[in-house]
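Two complexes follow with subunit A in common, the first pairing it with subunit B and the second with subunit C.
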Partner chain A sequence: MLSRTDARAPGSKAPAYRLRLTDFDLTLPALGLLVLFFVVPVAILLARSVSEPVPGLGNYAELLGSSTYLRIFANTFIVSGLVTLVSLLIGFPVAWALAIMPSRLASVVFAILLLSMWTNLLARTYAWMVLLQRTGVINKMLIALGLIDKPLPLVNNLTGVTIGMTYIMLPFIILPLYGVIRKIDPAILQAAALCGANRWQALVRVLLPLAMPGMAAGALMVFVMSLGYFVTPALLGGTANMMLAELIAQFVQSLVNWGMGGAAALVLLVVTLALYAVQLRFFGTDRMGGR
Partner chain B sequence: MKKIFALAAAAAIIATAMPATAADLVFSSWGGTTQDAQKIAWAEKFTEQTGINVLQDGPTDYGKLKAMVEANAVTWDVVDVEGDYAAQAGKNGLLEKLDFSVIDKSKLDPRFVTDYSVGSFYYSFVIGCNKDAVEACPKSWADLFDIEKFPGKRAFYKWSAPGVIEAALLADGVPADKLYPLDLDRAFKKLDTIKPEIIWWTGGAQSQQLLASAEAPFGSLWNGRMTALAQSGINVETSWEQNITAADSLVVPKGAKNKEAAMQFIALATSPQAQADLAKATGYAPINLDSPKVMDPELAKTLPDAQTASQVNADMSYWAENRDAIGERWYAWQAE
Partner chain C sequence: MLLNFDRLGWWKLVLIGITLLTAAFLLLPILFIAALSFGSSQWLIFPPPGWTLKWYQELLADPRWLESAWTSFQIAIIVTVLSVLLGLVTSFGLTRGRFMFREALKALFLTPMILPVVVLAVALYAFFLQIGLNGTLTGFVISHLVLALPFSILSITNALEGFDKSIEDAAVLCGASPFEAKIRVTLPAISHGIFSAAIFSFLTSWDEVVVAIFMASPTLQTLPVKVWATLRQDLTPVVAAASTLLILLTVLLMVLVALVRKGLKS
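== the complex of A and B ==
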């Protein structure tokens, strides 16, 4: 920051582009670390996808030509989409409530949200397992209340994955949404009411459109994160709900077939980067933090 | 659990693993109670005898092992792996040949010895059942595959490995001596009949949890886990009918830093007393033929050793040959 101030000082001969270069220099150690320990290994793995077991695109042909693998791709998108949708449905009212509740209460709710984010992912996932299983707390309670006779299948299937992942993703949608909703002037809603809008109309035609950028940013982030999720689907889903990350782990660790693992990883990477590009194009990076 | 822990624990391992000095030996296994027992029965004795410190690492991860060997940066000296993997990895040049002038193989169970590996311990897939949760317990593989006579979820081992396919074929009436080569079409057809009722367990602890909570009141489990469940006071029944044996193996990755010490370690780990001690702690069977002599006879009765009447041995060399092909088909079928 100092150099920037200096450069702007009258009489400075440093041209503006040099400035940026100076700032950029400071990130070089971090970038170098990232290239060395992240980009290079990923590139090596991807290179193996076209070189093992024989050079060529055979791995990709097998990956995209098999109905099983295509089903796993489709399933990855379905689960991610479902998680995004449910997260939005739950996250929007929570974010809205957070934005309008007294700040002391809001800070308590925030603390709960953040505390859950800081808790170990495996521990949280196991907790859901215990809650959701056929002999778990939820089923036992519903049976005791006489609402059901037979335990509901809540885990080892799509339901379990969706519940577990939505729970983990919620903060990522609530925080950006909260930021956006906070900035909406309450007077606008009053104005809508004065103009004769009922509550539903005020929500659908005023609040939702204004909150749309936050919803879109949060939804995209949750969707992209869900695409690469591993632990939760592996523990709470059945094998029929396998997602791409599990397939990659299977190739790399169990079958020790790194060619196919690399190919599957590249597909995931391309999809993720494409969605990230969409996000950058339409929302920029500044809304991601949900200030 | 092993795969998940492989990822989840990787960070913890990197953070906590002490850098091994040249004099230290690094042993990798699957974590949990089994590795604890290996530490006490083998590693601590080894340090007492040789003064060589043994560092525990894990969980074993075949991807990691391959990466170490390829990069010539092998940090594991002795690794506990599944028997079928050992046979395959030896052939693929990932392992050192074992030095049988140091390791006495004359008393080792020949079912589990190759040029590159010896047994670590062996176990049986048995039929476990929570007696409090059901009216009747399945006794045979045919029972376990009969969802009309025995309704409810059943637990099976998730990973592609010897055990489940054999069970399906036995349930379908294939005689034990005609199992190999495995008729995969027939096995998957049989598995299809119970697929919606299967809950897959990924590690021993999960299999115990499924059975104890009656989430899956019965299933195919490792015998040692059934012993542990019974000891913890849960009312379980184990059927040994056509129990299917498979083994873990001890191997030395190619390029291991402490090869000589590794051979000494394996020699001690497979000695009669060390094998007996491990069996006592885990409920798995010793692979040293002299171990039962030094064991409490009451305890020896609970081991797969005593259940040979209808025992079926998974064919590790068949599996080593076909591991990849079966694996691909297995996971594809699971995902259908």
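== the complex of A and C ==
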């Protein structure tokens, strides 16, 4: 490919075009890095799921046949679904308000969103571990208000994981949804009002349907991100609420069972990729990603 | 109606109320941790019975905290430099190139960003155990580079796509070599993309914990691993002090970004 660069002759129109052919070469270093330290290791891990301890699909049969593991799969979906639902319920009104409120006030809220997103994940999780513990501020406040008699178990259970993960996922649903609502033409809602729709009708039959693509895309992204989450569930969840990522880590770290670890990783990968395929198919690529 | 703030009526109050509550929900835990780090209570009682700096003293007196912070910093800086350089070269290839499978290649470059980190962590852990890179600085740098590169490529590609290439061609017509034109014309024009690539790469590595948990050895660990290991034992206020310093760093980075954006606009 280098010879093509040498072949360019000054003055002709060809060189610029020929130079472009070598642009592929520029991507080779990154491609090499990715193949060697991403594609190959993941492929080896997945291969071990059908070769260790004995060749065959034994690991998958064990993984999908045992009620212990099925409960972990179910739990992963329940937590992710719950986090997505709560994020959506809070995220929609906030994104809506941000799209129409005076820009001064909106920029303050945006700064808080960014600060929260950029703050170290462990620092945020730690904050919730302290806030939600038995002697924590939230329990104390509820007791002081007379709402409860003795401290509620808020951490090391489903409540703790849901609160902690919603806290992390909210910005990821608010920001894309804000972009979608912002683009809706206010005249459409004026038209709805002129045609006699009251607020509720305008909300349910005009605004919500128009915001639906953004809600679906944001919800899918939060759901997929939640599926693979490790740190927050491990610190805020209990042993009864183990999620799939923790199971993978446990297979590899404590049990040193690479076959089962690989099989569980494949399950997570397949579900994630399938959901991303849905996302790409219906919503395009522009709302993908995020930390 | 619904999209006109002044004509919302009492709905306006509801929306503003939810938004302010959410903002408080997002902000208060961060402020809470910062306040607790100065509180004298070992059991993290709030409001604290008194104020003290002893958790910061304890943090700074323990060489393991400082060592892990230094390790994190070294890794993050190396990753940032490599990620920006590699991101630049790759982005030029991706935006200027007209080769087959360009879109597929672009998608491949972005995959580490969307896949569950735990899968990459476990896969690299197994791989590095075999080739002897586990628990080494090189191992950390490579794995964080894989995670940071997509953000770098995305930022720089976006900037390059918004840059009119004919300006670079004009420089070449005026006598600059193609390389010189890229360095002196194109790079300054896409500096905002390079800047966000650097910030994202740094934060990706500096805050990364899942891969680091697997990659760490008893002698080499990053700051997030140290926080993680401490949290698994107890909720000591020393972690509050460490978290507060991390929050401070975040605020500084945000101010830096805001200043640079302002500088670029004017």
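The rule we apply is simple: the second predicted complex is superposed on the first by the 258 of 291 C-alpha atoms of A that agree within 3 Å, B and C clash if a C-alpha of one lies under 4 Å from a C-alpha of the other, contacts with A are read in each partner's own complex, and residues count from 1 in each chain.
Keep in mind that, in the parts below, a contact is a pair of C-beta atoms (placed from the backbone, for glycine too) under 8 Å apart; a residue touches a chain by one contact, two chains touch by 3 or more.
Since the model is a prediction, treat every value here as computed from it, not as a measurement.
Trainee: Mind checking the superposed model to see whether subunit B and subunit C fit together on subunit A or clash?
Mentor: clash
Trainee: For A:Ala211, using the defined touch cut-off, is the partner it touches subunit B, subunit C, both, or neither? Pick first, second, both or neither.
Mentor: Neither subunit B nor subunit C is touched by A:Ala211.
Trainee: Regarding the shared-chain residue A:Leu220, is it in contact with subunit B (first), subunit C (second), both, or neither?
Mentor: neither
Trainee: May I ask you to decide whether A:Leu26 touches subunit B, subunit C, both, or neither, giving the answer as first, second, both or neither?
Mentor: The answer is second: A:Leu26 touches subunit C but not subunit B.
Trainee: When the two structures are overlaid on chain A, which partner does A:Leu158 contact: first (subunit B), second (subunit C), both, or neither?
Mentor: A:Leu158 sits against neither subunit B nor subunit C.
Trainee: Counting only touches as set out at the top, which of subunit B and subunit C does A:Leu203 meet: first, second, both, neither?
Mentor: A:Leu203 sits against subunit C, while subunit B stays out of touch.
Trainee: Tell me the contact category for A:Gln253 with respect to subunit B and subunit C: first, second, both or neither.
Mentor: It touches subunit B and subunit C both.
Trainee: Figure out whether A:Ala240 sits in contact with subunit B (first) or subunit C (second), or with both, or with neither.
Mentor: Touch partner of A:Ala240: subunit B, not subunit C.
Trainee: Once the structures are superposed on A, label A:Thr135 by its partner contacts, choosing first (subunit B), second (subunit C), both or neither.
Mentor: both
Trainee: Count the residues of subunit A touched by subunit B and by subunit C, then name the partner with the higher count.
Mentor: C
Trainee: Examine A:Val231 and indicate which partner it touches, taking first as subunit B and second as subunit C; both and neither are also allowed.
Mentor: In the superposition, A:Val231 touches subunit B and subunit C alike.
Trainee: Considering only the stretches 146-154, 200-208 or 254-262 of subunit B, report the one that runs into subunit C.
Mentor: Comparing the options 146-154, 200-208 or 254-262, the clashing one for subunit B against subunit C is 200-208.
Trainee: Which parts of subunit A are in contact with subunit B and also with subunit C?
Mentor: 121-122, 133, 135-136, 230-231, 235, 249, 252-253, 258.
Trainee: For subunit A, which residues count as touching subunit B in their complex?
Mentor: Going through subunit A, the ones touching subunit B are 66, 68-69, 71-72, 121-122, 133-136, 156, 230-231, 234-235, 238-240, 242, 247, 249-250, 252-258.
Trainee: Subunit A touches which residues of subunit B in the complex?
Mentor: Touching subunit A from subunit B are residues 3-4, 6-8, 61-63, 66, 153, 158-160, 199-200, 202, 213-215, 324, 327-328, 331-332, 334-336.
Trainee: Once bound in the complex, which stretches of subunit A touch subunit C?
Mentor: Where subunit A meets subunit C, its residues are 16, 19-21, 23-27, 29-31, 33-34, 37-38, 40-42, 44-45, 48, 90, 93-94, 96-102, 108-109, 111-116, 118-131, 133, 135-137, 140, 167, 170-171, 181, 184, 186, 189-190, 192-193, 199, 202-203, 206-207, 224, 227-231, 235, 245, 248-249, 252-253, 258, 261, 265, 268-269, 272, 276, 288-289, 291.
Trainee: For the complex, give me every residue of subunit C touching subunit A.
Mentor: Against subunit A, the touching part of subunit C is residues 1-5, 8, 11, 14-16, 18-19, 22-23, 25-27, 29-30, 32-33, 36, 43-46, 86-87, 89-90, 92-94, 96-99, 105, 108-127, 142-143, 145-146, 149-150, 153-154, 169, 178, 203-204, 207, 209-210, 213-214, 224, 227-228, 231-232, 235, 239-240, 242-243, 246-247, 250-251, 253-254.
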